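Chain IDs A, B, C, D, E, F, G and H follow the sequence of writing; residue 1 opens each chain.
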Amino acid sequence: MHPDRIRQIIKQVKAGKTSIDQAMEELKNLPFEDMGFAVIDHHRQLRSGFPEVIYCQGKTTDQVTAIGRRILEKGGDLLATRADEKMYRSLKREFPEAVFHREAGVITVKHSKGGPKMRGVIAVVCAGTSDIPVAEEAAVTAEVLGSKVLRIYDVGVAGLHRLLARRDDLRTATVIIVVAGMEGALASVVGGLVECPVIGVPTSVGYGASFNGLAALLAMLNSCASGVTVVNIDNGFGAGYAASVINRA
Amino acid sequence: MHPDRIRQIIKQVKAGKTSIDQAMEELKNLPFEDMGFAVIDHHRQLRSGFPEVIYCQGKTTDQVTAIGRRILEKGGDLLATRADEKMYRSLKREFPEAVFHREAGVITVKHSKGGPKMRGVIAVVCAGTSDIPVAEEAAVTAEVLGSKVLRIYDVGVAGLHRLLARRDDLRTATVIIVVAGMEGALASVVGGLVECPVIGVPTSVGYGASFNGLAALLAMLNSCASGVTVVNIDNGFGAGYAASVINRA
Amino acid sequence: MHPDRIRQIIKQVKAGKTSIDQAMEELKNLPFEDMGFAVIDHHRQLRSGFPEVIYCQGKTTDQVTAIGRRILEKGGDLLATRADEKMYRSLKREFPEAVFHREAGVITVKHSKGGPKMRGVIAVVCAGTSDIPVAEEAAVTAEVLGSKVLRIYDVGVAGLHRLLARRDDLRTATVIIVVAGMEGALASVVGGLVECPVIGVPTSVGYGASFNGLAALLAMLNSCASGVTVVNIDNGFGAGYAASVINRA
Amino acid sequence: MHPDRIRQIIKQVKAGKTSIDQAMEELKNLPFEDMGFAVIDHHRQLRSGFPEVIYCQGKTTDQVTAIGRRILEKGGDLLATRADEKMYRSLKREFPEAVFHREAGVITVKHSKGGPKMRGVIAVVCAGTSDIPVAEEAAVTAEVLGSKVLRIYDVGVAGLHRLLARRDDLRTATVIIVVAGMEGALASVVGGLVECPVIGVPTSVGYGASFNGLAALLAMLNSCASGVTVVNIDNGFGAGYAASVINRA
Amino acid sequence: MHPDRIRQIIKQVKAGKTSIDQAMEELKNLPFEDMGFAVIDHHRQLRSGFPEVIYCQGKTTDQVTAIGRRILEKGGDLLATRADEKMYRSLKREFPEAVFHREAGVITVKHSKGGPKMRGVIAVVCAGTSDIPVAEEAAVTAEVLGSKVLRIYDVGVAGLHRLLARRDDLRTATVIIVVAGMEGALASVVGGLVECPVIGVPTSVGYGASFNGLAALLAMLNSCASGVTVVNIDNGFGAGYAASVINRA
Amino acid sequence: MHPDRIRQIIKQVKAGKTSIDQAMEELKNLPFEDMGFAVIDHHRQLRSGFPEVIYCQGKTTDQVTAIGRRILEKGGDLLATRADEKMYRSLKREFPEAVFHREAGVITVKHSKGGPKMRGVIAVVCAGTSDIPVAEEAAVTAEVLGSKVLRIYDVGVAGLHRLLARRDDLRTATVIIVVAGMEGALASVVGGLVECPVIGVPTSVGYGASFNGLAALLAMLNSCASGVTVVNIDNGFGAGYAASVINRA
Amino acid sequence: MHPDRIRQIIKQVKAGKTSIDQAMEELKNLPFEDMGFAVIDHHRQLRSGFPEVIYCQGKTTDQVTAIGRRILEKGGDLLATRADEKMYRSLKREFPEAVFHREAGVITVKHSKGGPKMRGVIAVVCAGTSDIPVAEEAAVTAEVLGSKVLRIYDVGVAGLHRLLARRDDLRTATVIIVVAGMEGALASVVGGLVECPVIGVPTSVGYGASFNGLAALLAMLNSCASGVTVVNIDNGFGAGYAASVINRA
Amino acid sequence: MHPDRIRQIIKQVKAGKTSIDQAMEELKNLPFEDMGFAVIDHHRQLRSGFPEVIYCQGKTTDQVTAIGRRILEKGGDLLATRADEKMYRSLKREFPEAVFHREAGVITVKHSKGGPKMRGVIAVVCAGTSDIPVAEEAAVTAEVLGSKVLRIYDVGVAGLHRLLARRDDLRTATVIIVVAGMEGALASVVGGLVECPVIGVPTSVGYGASFNGLAALLAMLNSCASGVTVVNIDNGFGAGYAASVINRA
């Protein structure tokens, strides 16, 4: 809760406009809504310029729909990740403007105009075709949060010339998201080629000793290129969000 | 190598100012220096505004001194991490302006004036007294690379009021580095309180099932707060560097 | 076997009321029943005030039904965890008073009145909507074992104000169960806010480097808040049981 | 910070006894002291009845002494764990009443009389002679926090009769702490023998596939005995603290 | 190949009864049969008294049937583990005397009379009802290989009296197989009660931090009871086989 | 890109046959084709003598077909691994000469005659029947890349005479691929018998503590036989490819 | 406690030779001695024929000496493992007949004549010179417990002919202990050559991905040879003890 | 043992030149020497062209000296890895021609002229200065075994131009050894640049989540570049040996 609000409440009490009990109530009554199974933070968009996000995995279609409805009714935008076809159809019925980014598994509803001002372009780079769903989750997230996105796909380090051919493109970006499974070496190589912040997203693409993305995760955490930070395995959303925060003017 | 330079070489060949063999030589003769046991990138500071860094762990004092000497002779600044007293004394003998940040294990020599323009302050927050050496590595790195740094230490989540009391300070920062061992919960809590980029540095502080920082690392990677990215365990330098890149105007 | 019973048997032998062979038989004939595939402890409820529990996972519906029948025929209450619809219908046919707590996966039959006297309320707190099934397993267990339960759901640390708003509620509890997946930070934060015993239940909610709950488990074990103890991943029952034992007057 | 205090401040403002700025100051001026490298919570003992604890590992002797001095000067009791001889001698010089529990690695200074009322005895049980240092850390912690402690040592399950001979003793306890390395089976066996809360402390005693206590930790987390909760490997302090919280009347 | 056979071949060559080329052929022509996808060791039963075993997992029904047919045609007995209904029906069609031990997943065909002489009874002890399939794999294996088997099921350590009541039975065994999941403590407790060899079989029964049997495996490997050896997780066959080898007179 | 090509371009510019902009274009226009979701390296076969390979796992049938079509239209050969029946039928429709190696999961289309000259035979050895699919992936890969392959299957070390009987065959090979799951000991034993390069392929065959091939992987990495190198778990293709590279004259 | 003893006590009570209180006392007064920091089982040798063993690691020299003294004063034999020079000298001073098996780290004192009758010879086989200390711990243990031991050292599978040359020796053994680090393949190969029980002892010999013996441990647990059981990493004592129990007539 | 030798013995027996007992003796008397603590394979060099190797880690100086002496007395060359100064001085005393490659930790004595014919040059590439000791172990091994070695050091992927500048050198090699710690990306990048066999050697260089080389190991095993095989962490010798075997004409 913002200190200005506390000061205001205190002032009102002093001025006799608010009783002590009302002040106490207000202090409890923070600007979120408790739905029993979920607590929605309606002030988030106001506070951060970014909408409240529904992480759909582990939630039922009914829960996702109910939460989405409350957010949209309050006038917020909607960003729902790890969503499936069924959730989309359920929301679409009530909110025809809902869009399903199928490859990314993301549902979006955009009510608001504008959004926070951004500094530049976010590049989303991925190593192989199988990494594209995670890359798309990152790209769609970044787009919904207001950035221009440049997609550079299937440029893994085994064919280095594919990547080097895009070096100029990479250098136009303000932030770069590198999505790679297997040995995750792409993050280090990109990190060595550019001077902007690089966010690595290890993916669970691979088999055997990739241990569902552990190999790529460890590789990115141990990157010999300075300036690379890392998010969770397959966490395209997290990378897209962090890149947007960095890109905010 | 920058494409403009390639274009220039081609132009000079065409104009007859450069022979084909000279051009070939130049293409091989990239702006780094091979010392046999180490290859120094003298153009780095020019390119990125940040000095070449010596990671001293696993190098001998002689190697560190020789690399440092070459960098400094070429007019670069020096940033040597994971350095010890002996390395410091060896460099100090030749470069009396060398400074040893003992708690951080960092040696710095600053020749250049200015540096890249920065957007704001970097806050370095740590959970406990034992995390301070890593926090200092991050803080000194960020300072050498040109940022103002605000230190907020020993504000772990077990005594939440200690952290909440510093909320206004946190909100003045452009980037926040959160350094925490044990369960690493501080990254999530800080991430939930602010709207700026947060970089988590798990530390190996803890015992038993902390498994030398694994617990904090996993916690930070799984942070429920959006916008948190992570660097390697105890990698204060990496966080300080990444924060500086983000903070660059 | 209770020492008083041994003393009694010895007395009876001495008094000639029991033959040596009868005494030997009794010593073998402990108060449990061997069904071949399962051995039921009918004295448990007498001894501990809590009913024998059937852990249904890995058992067939027939086995669960047979064990349940024997317990109920002997007059005990029934608590069956990790149960499914089919097991419920099978028991319901014979014992119409059986109740299925669907979200928790728990079947209960309550014959006895009363139960052990309890000291206060058990609060069950969870971080996100996806953690609710585990939280419900804990809550239903605690209720069946005789405690009042206060549910506080979806108050993860990324939106700290949601949790702080419930601080007064938390402080009314005698024991608190904290259910959280991902980075499990909620246990530490709650542990720092209250003075009563806190039991952490890591859940397998999360993905990638959560490694099916390992991240939350390690986080809770390394909690910087004193007084937090931990049970197995997703072990809502274990937490509900331990909290009940602590809550017993 | 306690809600009563907030209410009081608001009342004083309303009554004109406190200016708005003073109220703001108070709200920032929470009852802890920032020493730069450490932030001490002086109200802890008031709030919880238990003293502030110094976890000495990773701190210098100077830091431990400075923190200890501030706590003791404010009238608090002192409990310093993972302490060494040198820290003890440094504190002893200023506070001759300091006591060093050598086997436990714990320094204590007891100023206050009494402490919170306790419900009963805490039993500390350990499996082997090598587990005694951890058991002692638990026992001393529990004693300093106000409980009577019953020590039952070297009763590992390989010689079950040693443990069964102490069954009556076990049953007199309100809480039991079980300290065991190797396969950690003692926690399950004790948990099956008693009806009170059992806290397992896995130790790093063992070799090879004990992986520094991992085997015992996993065993205790998977205990087939209901009501067993677990703390970190070798965390005698944590067990002693949690047992004390449970034991508080 | 047995040295006596080598000596015999050499003798025959010397005596002119065997040509050099025939001897060479014989040396290549060892007593197994190569089916392309499988190589059958027909001399095994002769050599060890135990039949060749088919481990069915990862083999097709056709492969299992073909291998089984060749073994049975050569007059051997058959023991096929990890078999399913379909494999059973396929073999049953050709060999009506085939028996399917459904709970154990084992198919047996017994042609031979007798078998190696055994020293005593093998006891198979398991901790819970869910461990029975693995226990049965061990028990059926031991029976097929010629031992009497005593089954003692659902005697986990949480209800120690259930186990202690069977102590006399345990002491009649020549070898004991202990099958347990979760924390696997039963192996240590049984190991402490008897003087005969104990073979621990960890099972994948459990959840969360049992990590599919890892917890029980580590526990058994770290058993504080001397004389306990361990086989792979869920490896009932391995334990039954090893116990039979030990039991052989 | 090959240095000769760079020299040629520079020459042409100097000679006025190529404009600076054309030269720049060429430098960007490397010999691969960007399909948006995939970037194909058409020069690979020219460069290495081996065709571009499609790793089908994680790709849709449409993607595999589209990539395959582009490769085949450009006159390359096709090698598609981890392919399924559906992908095969889709490619077969357009390229009737496509062959599906079902057990290996490999689709091949061979247009070119010849291929690189090979030094000798590659032996593919496997431990058990269940390892055959991985062994076949290796064998088919090696055959498509131009080598003669000798298959030696089901010769695991538990029946050492089966392997020793094939010793002469092993010694005819130029490179040996050893495919084994469970404890992976076959790689060390073969490595000790021969003087040629040995490539170990651990498989995920096994259960329990094989941890999906980890046991075999670690065993092969720790092989006491010199000259053994290792590829990823179940990576038959990788071994077949590496063996072919080694076998190239 | 043996059932015959219970029967005897009951008889004596019935016959009036023992009072009820005396009987109760006896039931508590089991045949072990509580030294505070250790509880000694004086009846072990009587019961099992094998002496009580002191595992010295984690015990002080004083503790080892005190425990050893009590055992020897009561007339038992002594077997102290993981002992060092200092412990040896301390015991030697009081018991000049103490012997230190330096390479094995074992102290023995043999008072008793004879011991349990054994069935045959125990072979101790090791893979490399570095495995000898663990092999010696096994061998000395087996000798002290009464078996003849045949040592076969440095016969790792990389030089298979070294092992095959000793095949006849191996076949004379009643039980075989196989001690191996690195990839631990020796256990499987020996297991395939013999028909007697084989106990694998993985050692921590190796580096890198041997992970302190984990590679060898997993290999042995996954042995494709039936009849191999495993003890903890470096646990020579455990193997020697288990082999002795198996070898007992 | 070679089949020709068997044939010869059989022939001699037939011809009456060898008695049956002599033939038996010969079959036992394989060409190695048993020193009790070590068994030396004197025929190795004859057989493979490469000398017997002493792996010194875990051996005493006396053992290393004794083994070295026996090898050299029999006329073999010596290659001793993981050796220290003391072992060197001990061997030097008896064999003044011994050479100590200090950085590599390798002792060599070269008696023989020539050696097996090699096909080309082995390149040893390493990522950073701290990887040099492992790279030197590989390089010295390859040199002693008869290959020319080209060293290319400190060319990690973070400064890609350093590596690309050496592309022509890389392409002259017949086999390439890539030595890298941290994220080990260099193996994939080199593997993508060349067409020859690449052997990856992960090193334990790094900290935190490099887990002593695990990160680099997993990265190399999951390399997206075909044709990369891997040896154990820090196993420079293994890579040097395998490269030599591949390089043999």
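Going forward, contacts are C-beta pairs under 8 Å (C-beta built on N, C-alpha and C of every residue); 3 or more make two chains touch, one makes a residue touch a chain.
Worth saying up front: this structure is predicted, and the values here are computed from it rather than measured.
Shared contact partners of subunit C and subunit F, listed by label, are A, B, E, G. Contact with subunit B and subunit F alike is made by A, H. Here subunit G and subunit H face each other with different sets of residues for the most part; under half of the interface numbers are shared between them. Two chain pairs, E-H and D-E, are weighed by contacting C-beta pairs, with D-E ahead. Put simply, the C-alpha centre of subunit E and that of subunit G have 26 angstrom between them. Remark: subunit F and subunit G have CA centroids separated by 49 Å (rounded to whole angstrom).
Centre-to-centre, using mean CA coordinates, subunit E is 38 Å away from subunit F. Look at where the CA atoms of subunit A average out and do the same for subunit D: the two points lie 41 Å apart. Contact with two or more other chains is made by residues 3, 128, 159, 208-210, 214, 217, 221-222, 226, 232-233 of subunit D.
All chain pairs in contact, by the document's touch criterion: A-B, A-C, A-D, A-F, A-H, B-C, B-D, B-F, B-H, C-D, C-E, C-G, D-E, D-G, E-F, E-G, E-H, F-G, F-H, G-H. Residues 3, 6-7, 10-11, 13-14, 16, 20, 23-24, 27 of subunit C are the ones that touch subunit G when the two sit in their complex.
On subunit C, the positions that touch subunit E within their shared complex are 1, 28, 30, 32, 34, 36-39, 41, 55, 57-59, 63, 202, 204, 212-214, 217, 232-235. Partner subunit G is touched in their complex by these residues of subunit F: 127-128, 156-160, 182-185, 187-189, 191-193, 206, 208-211, 214-216, 218-226.
Taken together, the subunit E residues at the contact with subunit G in this complex read 3, 47-49, 53, 167-168, 195-197, 199, 217, 221-222, 226-233, 237-239, 241-242, 245-246.
Interface residues of subunit A, counted against subunit F in their complex, comprise 128-130, 132, 153-155, 159, 161-162, 165, 205, 207-210.
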